[in-house]
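To keep things simple, chains are lettered A, B and C as they appear, and every chain counts its residues starting from 1.
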Amino acid sequence: MSVPVLDVRGVSRLYPLPQRTLFGAPPSFAAVSDISFTLADGECLAIVGESGCGKSTLARLIAGLDQPSAGSILWGPMPPDTVRVQMVFQDPYGSFNPRRKIGWSLLEPLHHSPLSPAARLARLAELLSEVGLPADVAERYPHQFSGGQRQRLALARALMPRPRLLIADEPTSALDLSVQAQILALLGELRTRHKLALLLISHNLAAVRAVADRMMVMAEGKSVEQGLSRDILKHPQHFITQKLFEAELALPDLILFS
Amino acid sequence: MLEIDRLTLTLPLGRTGAPLPVLENVSLAVNRGERLGIVGESGSGKTLLALAILGLLPEGARAEGAIRFDGVDLLRRSAEARRAYRGRRIGMVFQEPMTALHPMLTIGDQIGEGIALHQGLRGAALRRAVLELLAQVRLPDPDRQINAYPHALSGGQRQRVGLAVALSGNPNLLIADEPTTALDATVQREILALLRDLTEARGLGLLLVSHDLGVVAHITQRLLVLYAGQAVETGPTLALLEQPLHPYLRGLRAAVPRLGRALTPIPGTLPTPQERGPGCRFSSRCAWSIGPCAEAQALRPLKARTVACWQAESLQACQQAGNLQACQQAGNLQACQQAGGLE
Amino acid sequence: MRRHLSLWIGLALAGSTMLLALLSRLWLPADPLRMRIPQRLQPPFGSAGSLGTDAMGRDLAAQLMVGAWNSLSVALAAVAVGLTLGVALGLLAALKRGWVEALVLRLSDLLFAFPAILSAIVLAALIGGGAGTAVLAIGLFNVPVFARVTRAASLAVLTQDYIRAARLSGKGRFRLAWDHVLPMIAGGLIVQATIQLALAILTEAGLSFLGVGIAPPNPSWGRMLADAQTYLTRAPYLAVLPGTAIALSVLGFNLLGDGLRDWLDPKAGPR
């Protein structure tokens, strides 16, 4: 068993609610409540649940964009020239500053890096080709790209500083079906090549099915079921998981694939 | 009821603003009580098709062909005459109901507006009609919610209200553009069931526009698959999804991730209107592409459906042979013939 | 052209005001301060000169041109003061949130409660009148305007995912402001500044009218109006000329601001 990249222990995030009574502690709302899990090197964990279940808040806590109210987020040893975590977001249209050229945005994660300008540009070209885009896209502006292309660019940006963990928050839910498959396949490919640990936040079971080793089902800020995604997808135990699976609109099975 | 006959739509596009076709020779028909799904990706022209029926096309658009509603060609009618069809004959449900609802009016006022306009009801009778409609769209606690503002509702409730607004003019046809894309899976299922029940109870025609095969498979009876502005396959929904005969639909079908199977995305991207050539528009992404694909293939009948592909017979034969992948790997056509499928 | 009508009219009016002001530094039809009592109160287009003379026989065209320079420089300096302080405070509020934000907002309310004219009179009583007092008073009045606009626009930008991506890159608050927030809100600030400029010209005219603005005998539109009062029935053109200058330049900068807003953000539509 390899050393975990990430060890999340009893993490909660409370948001204060407006005071209802004059005295006494103000009420609070637990967006995330006592979540624990570990993530090994190169492993993919999917966090599944309906909107408002706390999965995106959890992602922000792990990314360090928000601070937990309780619990701890521990990181394993980091090799030199790597960073802990990067993120890919749901909305491909809000992921890039519309006034900046793509090249500028993609180099942004390296602004603390000791790399020389030439080495940065080499890394940029390398990652653009890995996500299947020509090097000259660096000179263009975000509005010149489709949603799918922007998610490719977002993946390239996230990988620039060599993260150990990539958090993908609903990376395909704003995309067309055939583009979703392309981005998921690319995510799988990049994960293997860069030995990334991957945290996939999704309400889309199809996406989870395609890439995740393990999954955690969340509801109302709590984890209701955790395990190997293969097992849970076949035999969901918790009724919330079962409800989630039943709601998925299955396609008739293709004769030629059966 | 609704019949679209070889509709071609051109829009001024790009820097030059030259008119380019975004829909070409699309024909379809929806009868009362029938549910038709239109499937396509962003850029396939599916939303423009819906807007064309409603007469809400962007400035500079030119339409040829015919859009007949109960025998009347809407394209030959004045803007004034077409407005009479919106709401009263044809209702529209949008992807994000918040954009269709007025934020400063209660939902009762917004639904009542349509009923008052189209049925001439006032006062208590109007309120009863609104409550009845809210009950029909299964909005919980209609007596209280009738006075609520849109922002106070959840996404699913808003879509129910959007549906009630669309039904307030008592239309014969409902057009729903990605009505459940913004919703959670459980809510999505409820809204789709509601759409199906309402069309059955009221004998409505439904035109459901979506990019999600699961959604159309769930409630539509017939399907029209759009690719780059052209219909590539039409027919009964289940038959099409079980045995797609156009390689594009086959690719879409295979791009849905499944447990224990490698993901097989369609390579490449949808050609933009500027990039579209004379031949089959899918050929550059198609594993089945052969010489004749450089020429366009019209929709032709095959096996209780229509399909626009030179290779459709080969695909069908291979599917019957039950070994599509083997055929394809071996260099498709010939292999298929050897597999014994082709007449 | 028709789509940006207000932009073009605004540009023409504001542009000619600015051109006149600049021209006054290079060339004048006459010395605006030279009194020629025998030629006093000449109507425009009469024998004495292009636009006539005032009660002291001073050339009105020259006074209007120098007045344009004086009014515009006070207005520009005041808006620059308001813009600099306001944007800094607004950014600080948006980036720090919490008590800093509350403090900035309360301070804004406090400053906003005192109209520029009132604070200028108080300031004039404390430190004396003059152009500096006018700049300070109008500038202070502008601070809360820019602070609020900056804060609101910055908060909208700060919710975007590219801000999260930049934070994940390890960028600090001020780097975020410089790299992302300022370029995104610059357009809105330029529009606001143009509109505030119109307001500042009007306020400066008001201050000079009351005698706490630009110090005499240096010409200003407001004081020309004040001087015209005595002769309102005998020589109405004395009031009409500076009045028209004030009205047209204020209208010009307002239209320019509105036009710029439509041009920069066609979606927002006319107000």
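Following the convention adopted for this analysis, a contact is a pair of C-beta atoms (placed from the backbone, for glycine too) under 8 Å apart; a residue touches a chain by one contact, two chains touch by 3 or more.
Remember, predicted model here, so these are calculated numbers, not experimental data.
A.B. asks: Chain contact graph: line, ring, star, complete or other?
C.D. replies: line
A.B. asks: Please identify the chain with the largest separation between its CA centroid and the CA centroid of subunit B.
C.D. replies: C
A.B. asks: What whole-number Å value describes the gap between the mean CA coordinates of subunit A and subunit B?
C.D. replies: 31
A.B. asks: Could you put a whole-Å number on the gap between the CA centroids of subunit A and subunit C?
C.D. replies: Measuring from centre to centre gives 49 Å for this pair.
A.B. asks: Between subunit B and subunit C, what's the gap in Å when you average each chain's C-alpha atoms?
C.D. replies: Distance between chain centres: 54 Å.
A.B. asks: Listing for subunit B: what residues touch at least two other chains?
C.D. replies: none
A.B. asks: Which residues of subunit A touch subunit C in their complex?
C.D. replies: Residue list for subunit A touching subunit C: 60, 63-65, 85-87, 89-91, 94-100, 105, 108-112, 154, 157-158, 161.
A.B. asks: Considering only the defined contacts, which subunit B positions touch subunit A in the complex?
C.D. replies: The contact residues of subunit B facing subunit A are 41-43, 155, 184-186, 188-189, 192, 211-215, 217-218, 238, 241-243, 251-261, 263-267, 269, 318-319, 322-324.
A.B. asks: Mind pulling up the subunit A residues that touch subunit B in the complex?
C.D. replies: Within the complex, subunit A contacts subunit B at residues 50-51, 146-149, 176-182, 184-185, 188, 203, 205-207, 209-210, 230, 233-234, 243-244, 247-257.
A.B. asks: Note which residues of subunit C are touching subunit A in the complex, please.
C.D. replies: 160-162, 164-171, 179-180, 183-184
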